[in-house]
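What follows is a set of structures for review.
First chain A sits with chain B, and in the next complex the same chain sits with chain C.
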Partner chain A sequence: MNGIKILLFGAAADRAGTRETVLPVEEEVALGDLWPVLAGRYPKLAEMQHNLAFAVNGEYARMEDRVSSGDEVAVLPPVSGG
Partner chain B sequence: METRQPLIQNANGAVELSNEEISRYSRHLIMPEVALEGQKKLKQARVLTIGAGGLGAPLAMYLAAAGVGTIGVVDFDVVDESNLQRQIIHGTSDVGRPKLKSARETIQDINPNVKVEGFEEQLTSENALDIFRDFDIIVDGTDNFPTRYLVNDACVLLGKPNVYGSIFRFEGQASVFYAEEGPCYRCLYPEPPPPGLVPSCAEGGVLGILPGAIGTIQATETVKLILGIGEPLIGRLLLYDALSMRFREMKLRKNPECPICGENRTIHELIDYEEFCGIPQAQAAEQEDEVPEITVQELREKLNNGGISVLDVREPHEYEVANIGAPLIPLGELPERYQELDRDEPLAVHCKSGARSARAVKLLKDAGFKEVYNVKGGINAWSEEIDPSVPKY
Partner chain C sequence: MFAIVEEPIDVGSLIVAAQRPDCGAISTFIGTTRIDESDGARVEHLEYEAYRPMADRKLEEIGAEITERWDVREISIVHRLGRVNPGEPSVAIVVAAPRRGPAFEASRYAIERIKQIVPIWKREVWSDGYMWVGSQTGTRSTPAAK
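== the complex of A and B ==
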């Protein structure tokens, strides 16, 4: 697969208006560098930046962790409902 | 059969099962993973559920049926009609009654062997440690961020497992945050979201069945921890999406810099969680950019005398549920549709309960509208105080 697959959950999916997208990133980048690309595509996501958790290929990841083409990135906003 | 240290140590001698209990738990007793020893552990266990709402309902009912000896319930709320779509521990005849009373009766009816310890009070930094101390496991079924962080921190400080679950629309999450063995909630979300960033179930809605799926996962994890069987959700976040009917899993890591469970932790006691989550700050800011308001009584008077128009800024599917005949422009479309409105005419804006219309009034004022009012309490206030034939939702 070309690019990085993004899965959006909960309120992040609502803000983006989609649950899934692919970012055309070919070389390896830090998650922190991928974020502006995603927030650029879905501007309503931008203000959630500091409150999201990220997972790369099913593992919790930090902004300095590297991602590359073929990876799957999950974007998880906090959920309070009970 | 045990795959890990059970939370309840050998219960031998401490508790016995009556013949009635042996018949009741027959399907447990014939499984070697539970058996007589495990059933006694369940009876000896003390589990605290925070909230008798969407998650707390199935959770407490299944724990009671499974034979957990003592179930603590913290809830100071009253049963509302809008709870019944998901909070199955309460029935139609319970509307208006304290949730704690109703929950206690349902639990006792399911299993009179269970002892219910009720805490009809708000969980606070002052009482949390005292309440938690006497329980083996805490199950988080709250509906707000301040309490979620409070439950997390109190569990970390006391070294107790926090069986976590949360729900939103068609999606749910569950995990076991147990700092003794893995990450805590703060390792996953160090900073709480500012108020209003993430909608609650009251704002965003929730499929009534969803807390059933997540609450029973929490109940399952609780029973596994008590018995020491299987693999707990420690260090894993389980994600459930009812629409695609998919479970996903995310491996979590303990954050070495976690302020409460990390090596150099900076939090050694409970803090002010309302403050931490920015609630008083948000209220102050809200008061500062207060918009002109109109009560539903004042609005009715003005409508009778003519000289004011009304605008509804909810979504079309809400309009279908209830409306008062006002033209509809959803809040999100408002900035592109100002030209449909008269800037010089007095205008009253309403939504469901007043929050979205307050934002609309601010937009309209900034766009140069001269006289705009926010209808206090929204269409629900209109239904309650002016016209009960309009359904309240």
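== the complex of A and C ==
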């Protein structure tokens, strides 16, 4: 796959208006570098930035973690199971 | 047993499955759908979604954390997805241990950890719109929803 697959859940999917998208990347980037692209594409999602967590390939990740084409990034609002 | 299911949870069979001759206690926590009311509207049901398989793995991690901390011999955590009607179980935790103290503590720990680390989300579907719990995002227009 060319690019990074972005999955959105719960309120984040609502605000973005989509549950899945792809961000094209040429080379390895920091997870934090993807955020301005996502926020630009989905302004309503940007409003909840400080409440979001991220996962890379199914594990919680930090903004300095590296991602590259083929990775799966999940945008996670505050969890509310139970 | 750790599972995320889309059908009603059979709590009784989980408890029966936890019965063991080396255990003197089975502690259960059952989370059920509560109906709240405000501004003349009420919750009609809850809807759950999960990021899988990460959510499945996080349930197993909680089980591993518990067995590191307490002497428990059996742990089941089952969480439901999709629509859950009023009063129905959305999550069931069953812990069997030789002694009651660890059984109580471990079941409490499990539900608190679920609410911290498992990527599952619920929205309240009200008679006048919906709200994602914890995110203050939804379609309700009443003051309480903002």
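We take it that the second predicted complex is superposed on the first by the 78 of 82 C-alpha atoms of A that agree within 3 Å, B and C clash if a C-alpha of one lies under 4 Å from a C-alpha of the other, contacts with A are read in each partner's own complex, and residues count from 1 in each chain.
To be clear about the criterion, a contact is a pair of C-beta atoms (placed from the backbone, for glycine too) under 8 Å apart; a residue touches a chain by one contact, two chains touch by 3 or more.
Quantities reported herein were computed from a predicted structural model and do not represent experimental measurements.
Legend: residue contacts after superposition of the two complexes on their common chain; A:Gly10 is shown touching both chain B and chain C.
After overlaying the two complexes on the shared chain, residue contacts for A:Pro78 are found with chain B and with chain C alike.
Applying the stated contact rule after C-alpha superposition, one finds that A:Val37 touches neither chain B nor chain C. By the touch criterion stated above, A:His50 is placed in contact with chain B alone, chain C being left untouched. Shared-chain residue A:Val29: touches no atom of chain B or chain C. In the superposition on chain A, chain A positions 9-11, 14, 48, 51, 55, 58-60, 74, 76-82 are in contact with chain B in one complex as well as with chain C in the other. Residue ranges on chain B touching chain A, taken from their complex, read 51, 53-56, 140-145, 148, 165-169, 171-173, 188-189, 191-194, 197-201, 204, 206, 211, 237, 239, 241, 248-253.
Against chain C, in their complex, chain A makes its touches with residues 7, 9-12, 14-15, 48, 51, 55, 58-60, 74, 76-82.
Every residue of chain C that touches chain A in the complex is listed here, in rising order: 31, 48-51, 53-55, 57, 79, 90-91, 111, 114-123, 132-138.
On the chain A side of its complex with chain B, the touching residues are 9-11, 14, 47-48, 50-51, 53, 55, 58-60, 74, 76-82.
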